[in-house]
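Before anything else, here is the set of structures, which you'll find just below.
Below are two complexes that have chain A in common, paired first with chain B and then with chain C.
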Partner chain A sequence: MIINNKEPLLEVIDLKTYFFTEEGVVKAVDGVDFEVYQGETLGIVGESGCGKSVTAFSIMRLLDYPGKTVGGKIVFKGYNLLEKSDDEMRKVRGKDIAMIFQEPMTALNPVLTVGFQISEALMMHFKIGKKEAINKSVELLKKVEIPMPEERANEYPHQLSGGMRQRAMIAMAMSCDPVLLIADEPTTALDVTIQAQILDLMRTLLREFNGSLIMITHDLGVIAEIADRIAIMYAGKIVEYANKRTIFYSPLHPYTFGLLTSIPRLDLEMKRLNVIPGVVPNPLHFPEGCKFNPRCSFVTDRCKEEEPQLIEVEEGHLVRCWNIDKVAQEVKKGLLVGV
Partner chain B sequence: MNRTVRKLFSNASSLVGIVLLFIFIIIALFAPIIAPPLSDNPYQVPRMSWDVNPQPPGFPISDDIREVYDFMGTEIKYDKAICGTAEGGYDIFYGLIWGTRTAFKIGLITVTVAGFIGVFIGSISAYFGGWIDEGLMRITDIFLSFPFLVAAMVLTTILGRGLDKVMIALIVFGWMGYARLIRGSILSAKEETYVMAAKALGVKDIKIIWKHLLPNTIFPVMVQGTMSIGSMVITAAALSFLGVGAPVGYADWGQMVSFARNWIIGAPGHAGQYWYTVLYPGIFIVLFVLAWNLIGDTLRDILDPRLRGEL
Partner chain C sequence: MADSLLKVDNLVKYFPIKKGVFRRTVGWIKAVDDVSFEVYEGETLGLVGESGCGKTTTALTILRLEEPTKGQVIFDGRDVVKMKKADLRKERKNMQIIFQDPYSSLDPRMKIKDIIAEGILTHNLLKVRERYKRVGELLEKVGIPAENMDSFPHEFSGGQRQRIGIARALALEPKIIMCDEAVSALDVSIRSQIINLLKDLQKEFNLTYLFIAHDLSVIKYISDRVVVMYLGKIVEIADKKELFTNTMHPYTQALISAVPVPNPDYKKERIILKGDVPSPANPPTGCRFHPRCSKVMKICSEIEPKLTEAKEGHFCACHLYNEK
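Entry: the complex of A and B
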């Protein structure tokens, strides 16, 4: 998607969210910068525990003790969300920024009907009556392609299938016409055919309301489908940030490269799937220097001593690595899946 | 809810409880017909004689009492103490019938009000956490540290005699269990994703507690409440028995037992001569408490997902 409007809708600047646990301070998100423009989809990709969900919750200010956003700015429509009062922030949630959760199973309240849960936000943000809100929820259910929306609205979450529940979640999130939607692994709990349907639905809806989406996932396939620009996160920091084409065709960070080469390929004979060796480092004891260095196949002495900065290698392509040249050479060998 | 009702009726022990409770409800509802009041205040137990000694079942109303009623122009609708009279000629049967109303009043009002207070404090405490939780829970601890019966007795003594004072005392020292119970449930329920999802939609905290959390966590409190209706009635009876409860002559089961205090062992050479003074009120109290406990037990079995085999 071409970005006409250069004014970003959401700008996250040097966001730092730490968890103050008894064992020590966990720097779950440690200096993250990105921006989201009107109508575009930003993908945030990373392994479990890299801080992608915490980033989302920080934007919504939904973190409770022991998590706390200790620094940075979240500028949304020109206002810093971190400076808003609780009550002002409550009015932003749902109305301006909405969120879709990973598990549609647990994200819907088991004792309330689907219709009620959708109309709840409507009644509050638009100050409309119950009847009107219920009518609107039925319309929303129709919009997310749930068959027999009138009946479904009166049903409880356990009476719906997984895919339908996620559709209902989307209807809930979309109910107040938010300008920014944050989807935290919305397709992870679904099987592949349903995933494709949900992604299709989200794309259609996005086009319709011209809103922006932050898609958080560990699934590169999903990201390839839906994202315009991608931020790869590792250990609480963005390691590579570029548009989709660049990430998939010419990544410059060893971690991105590792992720892409570990996707199984159909067009090549492969004895074993490539993997990134090792595990995500313990957030209480990050390694010295570059946090990826114990797992990196391009590692040099410098990586173990000095942490690289996120530098712009070309316009709109930011990488945090000392050995960009080596990665670039490796990429040229043509092992990547491509889009 | 239909399933719950069906199970309540299909379980033998709860069926006994329901039948008992039904009988008590009938008694309470038709009290004016079963035992027509003889004075303006129906809760005042009429005296069948001025005699201090209890009189056996079937004792007819004494002539001097009859004269008093004739003089006042009150029609005497029944003239026999079916269950005998207690100390001071108080009619046991009348006391039992109208005492049923008292028992329901005490049980339902104290448990409902105490339940509300407990749920309010417990849910606020659990949901907001931090200093609010700390403060409220320490207050709860302070209240819990008083022995229930002694505390209720002292408070009733301070407030003065009367059923309302008894109920106030029972409520003041009876809400902590509910607070603890609901706090525990909400502490775990508030970590559920649907709470986060509701917050992400901008739902107000108070609405999240009321609409999202309480419907998911209230059942243990309901079970606890049902079970403690019986024990509240027992405690009220105990207070009456100890002489700090209902005023003398008030239709209350505890009061009836209290009248029997001096006559339980009977007269010299006639052990158990005054058995009716303690047996009838005792049976009523036991059956009433039993009814609620049987229902409460079954409710717990039905509402506990672990016991009903769904988990």
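Entry: the complex of A and C
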């Protein structure tokens, strides 16, 4: 997809979301900046606990105590979403920005029929009657390729299979023609053949409504298929941000490099997997300096003292690292894609 | 070729569906339905399939953690299915399992040294002091400092707990370890640590693995041979290389094509399967895959294809290859 220099649809500036727990403050998202343009797919990649889901929830303002967005701006269509009242936010949520959750079984209400749950948003945002709304939801179910949509609309979530439920979630998200869709690990709980179906469906629908998508996932394979640009997150911050090809072919952050070389893959014969040693740090006690330094193979003294900033090293490629020269050399040795 | 360490013959496991006040059996879930394969000494046999295909049940019935309905499991020349309780207990020393969920597979109220030593205790192998010394060695082997042996499972992260699960499986020096989705619940960076650990341990102790996973990329990396299951049946068995380059069964083809590859330039034709996996309580007639198969023929809904050797060492259950 072509990204021209026009205004971004969504701009997240220095977003900070903290959790105020009894043990202390967890800085789940700590100064995240990114933007999403019309018609593009931005992938947010990271391991569990890196803050990718919290970022999504912050944009939707769906966080509850003890989580709180304490700083930054979320500019959507020229307005800061963080300044909107609850009522105004409700008009945005589901209408302009919609969300697909990871676990369709817990995201859907078990005691309401699928058709009713879809029509709820329609009735609220379009001020239409119940009958009309139900008819429209049947149409939507048909659009997401659910067989026998009339019958399915009257069924409850537990009567549907996992893939079908996720389709229903997508129908619900698409019901009010959103301009921005946020998908939080939408295929993680699904089998691989069902995942292929869902990704295929999402791609078709995206093309159709020319909307933007924020795809949150830990699966680099899914990202390689669907994203235009990618943000890699680690410990509440973006560590690398670039277009897809740059991330996969010439990454400059040691974490990105580590991730790419540590996954077993179908397209290559691999001798031995690279390993990122250690574990994700406890968010209550992040290390000093660069948060990745205890696990980094390129670490220097500077990394332990001073935290690097996210710096634009070439156009559209931002990296948070002191040692990008060393990483670039390692990448050149050819441990990556297609070698 | 090496000798087969484990030979599974016509293994069947049905679970009853009970309904009503009297809990009458109204049907059967055909979880594993006539499955036969061999595992050779020192190899890693990958068992792959989607949820509900019976891969975990296969492992559990081999260990007799679930009683098989029918069939034979020959381990080291003896039929596990016919063994008496006491003999089975002795034999289990040689067959261990690592579970998927490192959170629920460790008793939260036991210290990890006791979790790992439990098997040694059961089989009365070592005295107390030696026992814990051995636990320390095992922990070091899997990459956890031995001084942590007095901690409880909740003090460890997911990856570390999986290491503890591996140490427990190793404690009795088994011949075969079933890894039931042992790396599926782990994060990417932790997963590669555990995969490498399993490979190293295999080399060091000459272990045989039955490696169960739904992730084909992992299966491709770790296995020597691969068994593909669908709805309680084996559809294809082959050497890893053969399976991925010369895929025969339409289901395996679809499965491989569906895996997202982390390479933006990787072009392939994706086969999108229609519909969902049918219920194993009421599987389709004939070939169980036929309602979703793109190459379905008339015979497929009538006669069930047998698993036959289409090429040396390459078995496939599909009518496309069975006719002359």
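As a working rule, the second predicted complex is superposed on the first by the 327 of 339 C-alpha atoms of A that agree within 3 Å, B and C clash if a C-alpha of one lies under 4 Å from a C-alpha of the other, contacts with A are read in each partner's own complex, and residues count from 1 in each chain.
The definition used in the following text is that a residue touches a chain if its C-beta (ideal position, glycine included) is under 8 Å from a C-beta of that chain, and two chains touch if they have at least 3 such contacts.
From a predicted model like this one, the values you see are computed outputs, not experimental measurements.
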Three-chain arrangement built on chain A, chain B and chain C clash or fit: fit
Arrangement angle, chain B at one end, chain C at the other, chain A at the vertex (C-alpha, nearest 10°): 80
Which superposed partner A:91 touches (first chain B, second chain C, both, neither): first
Touching partner for A:120 - first (chain B), second (chain C), both, neither: first
Which of chain B and chain C A:273 touches, first, second, both or neither: second
Which superposed partner A:101 touches (first chain B, second chain C, both, neither): first
A:109 touches, of chain B and chain C: first, second, both or neither? first
Chain B versus chain C as contact partner of A:196, first or second or both or neither: second
Chain B versus chain C as contact partner of A:303, first or second or both or neither: neither
Least Cα gap, in Å, left between chain B and chain C after the two complexes are fitted on chain A: 9
Contact set on chain A toward chain C in their complex: 47-48, 147, 161, 163-164, 191-197, 199-200, 218-225, 244-245, 248-249, 258-260, 262-267, 270, 272-277, 279-280, 295, 337-338
Residue ranges of chain C touching chain A (in the complex, touch as defined): 50-51, 157, 159-160, 187-193, 195-196, 199, 214-218, 220-222, 244, 254-266, 270, 272-273, 275-277
Chain B to chain A touching residues, read off their complex: 129-130, 192-194, 196-204, 207, 211-212, 215-216
Chain B-facing residues of chain A, complex: 60, 62, 64-65, 90-95, 98-99, 101-103, 106-112, 117, 120-121, 124-125, 169, 172-173, 175-176
